[in-house]
Structures are given as C-alpha cells and as structure tokens.
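As structure tokens, here come the structures.
One chain, chain A, links the two complexes that follow: it is found with chain B in the first and with chain C in the second.
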Partner chain A sequence: MVMNDEGQLYTIEGITAGVIMLVTAFTIFNSGLVYTPGDAHISDMQIQQLGYDALQMMDTPEDMSPMSASPLALMIQNNDGSGFKTKFNEYLTLHTGTTELVNSLEFNATVYNRVTSGGGDTVNSYVFSHSTDSAVSQLTREPAISITRYVWLSDANDLKSHFGAAKYDNDEQLVLLEVLIWRR
Partner chain B sequence: MEALNDDGQWIVMMGFLVAIGMFVLAIIYSQAPLVGQTTAESVIEFPKNEIQDIRGKLVSMGNTLPGISQTTPNGAQETLQNRFRGDIALLSMSRNNAIANYGIDPVHNGNYWYDNGTYGDIFYTYHQIDIHYNNGITEYTEALLLPERN
Partner chain C sequence: MDAIRRITDEDAILSIDFLAGFTIFILALIMVISLVPGFLAGIQSDNIDYDAVAYRTSVILVEDPGAPHNPSWNQMGPYDMGHKAEIQRLGLSVSKETPNILSREKVDKFFNRIPDFTFSAEDYRNKVIFGDFTYLYNISLATGGDVYYADGGDPVPTFQYGYMRRLVKVKEPSAAAVNFSEYVTVYTADLPKTETDVTADFSVWIPYETLSNRSVNPAYRIEPQSERLTINLTGMYFPLNRSDLVSLDFVGLGLYRDQIPSNVISLVPNDDYSLKVNGITYPATGGVPVPVTNSSTIEMVLYPPLLLSNSLTTTLNVNFTFSYQFLNSNVFHQYLSGIHVYDYNPDNVTQPELADGVMEVAIW
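== the complex of A and B ==
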C-alpha cells in the first residue's frame, strides 16, 4: 500500500504552532522577575571594592614599624575631615578619562569608637567627613554601599580635646571608619 | 478536498526553525544578568575585606603582640591587647554584625606555650595567632604563624 503523504505541511504547521505556544507560555511565566543591571548588584560590587581599596591605600603607613599611624589615622586623630574628603575623592575619581556623568560617586564617612570611661563599653559615633552636597543627590540617587576599615590611632589626645572624655578615651585605640558610597 | 500545493515546504520549515532558534538565543541571553547577579552577590556576601583588614592589623602589630620579643610578662603589652581586642569585638559586632576575635600565646607562668616554648626552627620562632570571624553567613577561622627571628 502506498503511503498517503498529503498534508505534511499542515502537520508541520500544527507542531510548530504548538511549540510557539509553549515557548510563549514559558516566556510569559518566566517574566515575573525582570533583572536590570541595577538590580543585579554588579556595580555595587565594583563600588564596594573600589571603596575598600581606597581606604586600604589611605591606611597604609609610610613607616612600617609596628603600630605606627597611617595617613588615615592622622586624619582621624586631627579630626581633619576636609583632608579626608580631598584624598578619598581623589582615589575614587582616579579614572581613565570618563566624563562627569559617569564619575559621580558621593560618600558620607562616620567614625565609631569604643568609650570605656564611666566603666562601661559604649559605642560613640560622629560624622567625620562627607562629599560636597550635590543638588542632584537631593532628588535621586542609587542605593548606598557600606564599606568599613579599622584604623589604629596611636594618639587620641586631639580627639579628646574635640569631643571630651565622655565621647573619646584618651588612649591609643582602634576605631571603625564606615563610609557609605553611592552614585547620584 | 482541493489538492494541497506543497511547493516550498523546505523554505517554510527553515523559516520556522530560524524563528525557534532566535527564541532559544533570546532565552540564553536573558540569563546573562542572572549570572552577573549571583557572582556579584557572592563577592559582596563574603567578607573578604573585613577579614583581610583584621588580619593585616594583627600582623602589623609585630613585636607589640604579647609573647613576641618577650621572656617575661609585660603589663604594657597586655593592656594594649585588651584595648585592641575589646575594640575589635565591640565595633565589629555593632557595625558589621560579626563576631570577631583573636587569640595569641600570652606570656605568663602556667601557660603551656610559655613554659614549653612555641613552634620554631633554627632561624625563627613562630607565634600562633588564632583569628575567628563569624557574621552568621561566613564562619572563618585561621591559625596564623607569625615568625620571629631567633
């Protein structure tokens, strides 16, 4: 018996239509979650690493003998927020010639220190430095990234005169510098 | 039934195949942000920089750590260590949500390392520093051997 090969195209068309409907349904049910580069934390990771690297460079002492003060430690000891702003901004904006539009990082730096006077262990904090307030940043900005660095202060005398014994121990100590970085 | 005109079946079928191929490529392409996301989140989640920071601070203390360059108990070094350890423990807990602490062979009578000596070879004596870090997701423990020249 000779096989009847009529209607092959109809068969293929039917199968194809079925596949297309399946793919369409698959696509629709998978599109509940749409990832955009902003959601994907890729730029967050890069900003975080950039910030850690910048702080590490600033926290590298010129004199490598034990417990010596780094440039960053000297800035904190002398409460030199504007010096930190200049230097940190310089590291953040070291680039290959991008425009101001791309190069738009802002930051806010806070110092946390342990206070033992009065017998307890309490955490004191104060705003150390921040980038120049931008009008754009008041309207919109991307989420901030937190980076931290422990800084060894070999002499906190100056800070005690600024903040008082209730806020700062008059002693060599370790403080935590936390910097929030965001893109405006 | 009218006779079916079956000319050009191959052309039509190849058209369908190309269309399906484009669908598949689009789905593969749509996975690219997901790959970047999981990688980036893993990098962010692991506290590499915090651990390196604490580790670096301990190594940079050098001979101000108790037990190094010392044959007798040294009150100044103990005071320094209490300050350092207290600061790391409290600040990491309050700001980084992490338990961070370290241990080092102290110099006092009755301590095993003091009485029997620590690790060493003919050139160096090695002082063991145990570093502990736990932020609830990452638990990290390291035994660091800090060499001191004999």
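== the complex of A and C ==
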C-alpha cells in the first residue's frame, strides 16, 4: 500500500481527462459557423470593367491622324448627351448570346473640368448624360460603381460659348468624365 | 528506517510527475492551437475561383499580345501544327500598347477558322485558362455580325459559373481597292498606232519602309509582317477605248522586289498568296488567260508574313499582267499601266478599320 503520494506520476486517467478536454475544445471551435459577407465585390468588378471598356472603346479615335478626336471627345465637345446615352447603352448591352443578358444597368455621367480664369482655381462640373429614368430606381437600387476617364478635348470652343468662358476657359482642355453605373 | 530519505524542505523543487504531466499538456495544447487556422477552411469557395479564372482568361485574351510575341505566335509556321508547342500564351491583342484592340489574324487562328491549324480543348486549358483544375469553359467573340466559339467549350450552365464580358475592337486588315473607273486618265498608257497587241503590267507597289512607320499607333498601322494585304481590281474596262479593243485577257501575276523587274520572287500558292479572278481561284503563273469583262474582279491576298517584309528597306511590286488585242484602226490604243502605291493615303488604300466586338468568357 502506498503511504504517501510522492514520486507518483498522475494516473493515466488524469492524462486522458486532459486530452478529452482539449479534443472537445478543438471540435467545438472547428465546427463553428463562420459568417462570410456575400461576393458583391465580384459583380462590382465586372460592372466596373465593362464600364471602363465601354469608355475606352468610345475614346478610341477612328483613324490614325495624330490630332484626330475620338467619338467620346466629340460628344463632350458638342455637349451631345443623348448621343453619349445611346452609344454607351449600346456598349453596355453588347453580348455574344452565350449567356442571357439582363438589361438592368443604368448610369449617370458627369464632366469635371478645371477653371483657372480670373486667377482662381476651381473645379467645375455638370451633368453630361444619364440613362432613361425608371420608376423602379426611384425607389431602390444597388450601390453605384464609379468609372472615370480623362478625355482630351482638342476644341472646346462650343462649350465655351455654351457655358460661358468662366466655366470653360481653354480651347484645348483635359476633362474628367465620371460615369456612375448601378443595377436597377 | 525509510529506504527513501525524507525531504523536509520542499521549496524550489519541481517534482518529476509534475514535469511529465506539464509536458504532455503543453504538447497537446500546441497541437490544438496549430489546428486553429483550419477554422477558415470553410470560407474557401469554388465560385470565387471561377470568377477570378474567368477574369484572368479575359485579360490574357483581350489585353495580352500573347507569347511568343516577336515573331508573333500566329506567325509561327503559318500552317504548321508542329510549332504549336512553342506557343506559351494565346493572347489576341495587336500589341502590348493597344489593349482591347484585337488582331484579325490572331482571332481567326484562335477560333480555328484557319484550316489545317486547330487548337484543342487541352491547348486552350494550357495556353489560355491555366490552373491545375480542369475547368469547363465557354469562350465566345461576337464581331461584325459573326459569333465565334472556342472549340471544346460546353454550353453555359444556368448558375454557379464565373463570368467576364469584355468590349473589344477587332482590327480588320487594310485593302487597296483599285476601281479603274476612278483612274481613267491616271493608270493608262498609250500604244503607238501601228501596233495592235501588247502584253503589259499594272503594278501595285508596296514600300515596307513607309508602312513600318513607328510613329503610327499599332492600332492603325499596316503591318506586312503580321497582317494580310488585299488588292482588288475592278472596272478594268473603264479607262480603255472599248470600240478599239478586240480582247483583253488577264494572264497572270508576278512579284519582284526593289523595283527591279529581274528580281523575281517565286510565289507559293495558299502559303504566300491567294488569287481569285471573278471569284474563282486562279494560279499566279501558268494559268489559261481569262477574258476580262466590264464586271470582272481580280482579288489578290498576300498572306503574312509578307515575303521579305522583315527587311525594312525592301519594296515589293505586284504585277498584274494583261494582254491586249486592238483593231488596226490607226489610233492610239490605251492599255492599263501605272503604279498604285500601297501606303497610308486613304485615297489609295482602305486603312485598317476597327470594328466593335464583345467577348464573353464563362468558366465553371
């Protein structure tokens, strides 16, 4: 019979109990439910790439002469918002037919330009174009993606006379076109 | 008397059993803690992977000129499947500086529109889609009213697939459309009254140095190394005095370089060129003379890489040989003659055109 408990290794039962506790803790933590947010960023990226491609296609000049203006630059120079709306819509709905296209993208285009006349330094903006208003998007819509592109205008004279020299103060201007696209 | 000496003072002693128990506990704890990152395994999702692969594939196809690029992968032994293994990446862009502008030659090769040169599903997986997993794919391009599909693809499922849609412009090659009715006095020469027949050439001059102008953006550049050149002759009768002409026949075609007629270059049909008279294939040399009428058309296509186009200072003359028979009417007889320049002048050549297109990539 053991009279004292010195020099005794704690029994196997103690070790087993310890291991069981640890394994239980591991199992509980491993099977926990992890909440992951939805993959909204992927559809956002697809819309952004599509919008960027559309602006790039519109900003490609028709021919190679060094100063030829792209269709997009011409639209902005002539303040042709409806032309932009038609063309941009056309690009957004181009498809090959392999997948079903849901035509629910709407957009809003704004032009920003810098004005330094009179010694000041401000950024002027105006709404350039927007897609047809739909009743649904007055109530609710998904968050908008912003696509921007710098467009070089070789001749902004028409805009000067339209908006006034205080707003467009150069014949050749670099303007920022920002298009917000959202799904209805 | 005890066999074991009793220790009266137990301070600063770690007993063996405590150490043993403690060690086992710590080892087990370390093992459990190292399994903690396994919690995140549940977040991995195939669906995110499909979208990423579809995006990457679309970038390779639309923004990358492919590898090897110089010479371009679509130039490697034009109809030689043996060189297919040297192609590392199938990109369709004209060059690195022109993303979203696709080369028509590369598009035709990629979608197996060139006979005798085809890509299989395995080629697409290894050279475009990449990845260890055997993805199912559906790659399609719509341009100019046509829709092309990559071979070996499957119909897109109803859901759970990765998808990317890219807008592109396809660079259609240039063409010289010579309608002789527009060049009535320019491309004719006079035959002395005393002669009644002649065999003469009309020439199209292709100066490589003018064409390889590096200041022209690759999206608009005429590249004999990688694009086909087309020459269309129509209205051959217009500049000629019809009442004077007994017969006009097209005899054949010849090529020589640097404007020296003796530097003849031999042509291999289908590899170097294609010639059609009134829509029917005709050999460059040795063919039966074909009568030319009011509505005749001669279409000649030179396939890339054009002969000698790697030498920038060379020029090429394409000679169309016609044979004429005139009435002995004691007037000056006109025959077609002259040199039409293939350059960047839009009056001479229909410049490369950028046609809208859209590409869809689906991966699952």
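One rule holds in what follows: the second predicted complex is superposed on the first by the 136 of 184 C-alpha atoms of A that agree within 3 Å, B and C clash if a C-alpha of one lies under 4 Å from a C-alpha of the other, contacts with A are read in each partner's own complex, and residues count from 1 in each chain.
Everything that follows uses one rule, which is that a contact is a pair of C-beta atoms (placed from the backbone, for glycine too) under 8 Å apart; a residue touches a chain by one contact, two chains touch by 3 or more.
Bear in mind the structure is a predicted one, so any value in this text is a computation, not a measurement.
With both structures placed on the common chain, the touch criterion links A:18 to chain C but leaves chain B unconnected. Once the two complexes are overlaid on the shared chain, A:29 sits against chain C while remaining clear of chain B.
When both complexes are overlaid on chain A, the residue A:50 reaches chain C alone and has no touch with chain B.
By the touch criterion stated above, A:94 is placed in contact with chain C alone, chain B being left untouched.
By the touch criterion stated above, A:42 is placed in contact with chain B and with chain C alike. When the two structures are aligned on the shared chain, A:62 is found in touch with chain C, with no touch to chain B. After overlaying the two complexes on the shared chain, residue contacts for A:120 are found with neither chain B nor chain C. Common to the chain B-facing and chain C-facing surfaces of chain A are residues 6-10, 19, 23, 36, 39, 42, 45, 49, 56, 64. Those residues of chain A that touch chain C in the shared complex are 6-10, 14-15, 18-19, 22-23, 25-26, 29-30, 32, 34, 36, 39, 42, 45-46, 49-50, 53-54, 56-57, 60, 62-64, 91, 94-99. Across the complex, chain B is touched by residues 6-10, 12-13, 16, 19-20, 23, 27, 35-37, 39-42, 44-45, 48-49, 52, 56, 61, 64-67, 112-114, 116, 121, 123, 147-150, 152, 171-176, 178 of chain A. Interface of chain C with chain A (complex): residues 4, 15-17, 20-21, 24-25, 28-29, 32, 35-36, 38-40, 42-43, 45, 47-48, 51, 55, 99-101, 138, 140-142, 147, 149, 156, 163-169, 216-217, 219-221, 344, 346, 351, 354, 356, 358-360, 362. By the touch criterion stated above, chain B contacts chain A in their complex at residues 4, 6, 9, 12-13, 16, 19-20, 23, 27, 33-34, 36-37, 39-41, 43-44, 49-50, 53-54, 57, 60-64, 80, 83-84, 86-88, 90-92, 94-96.
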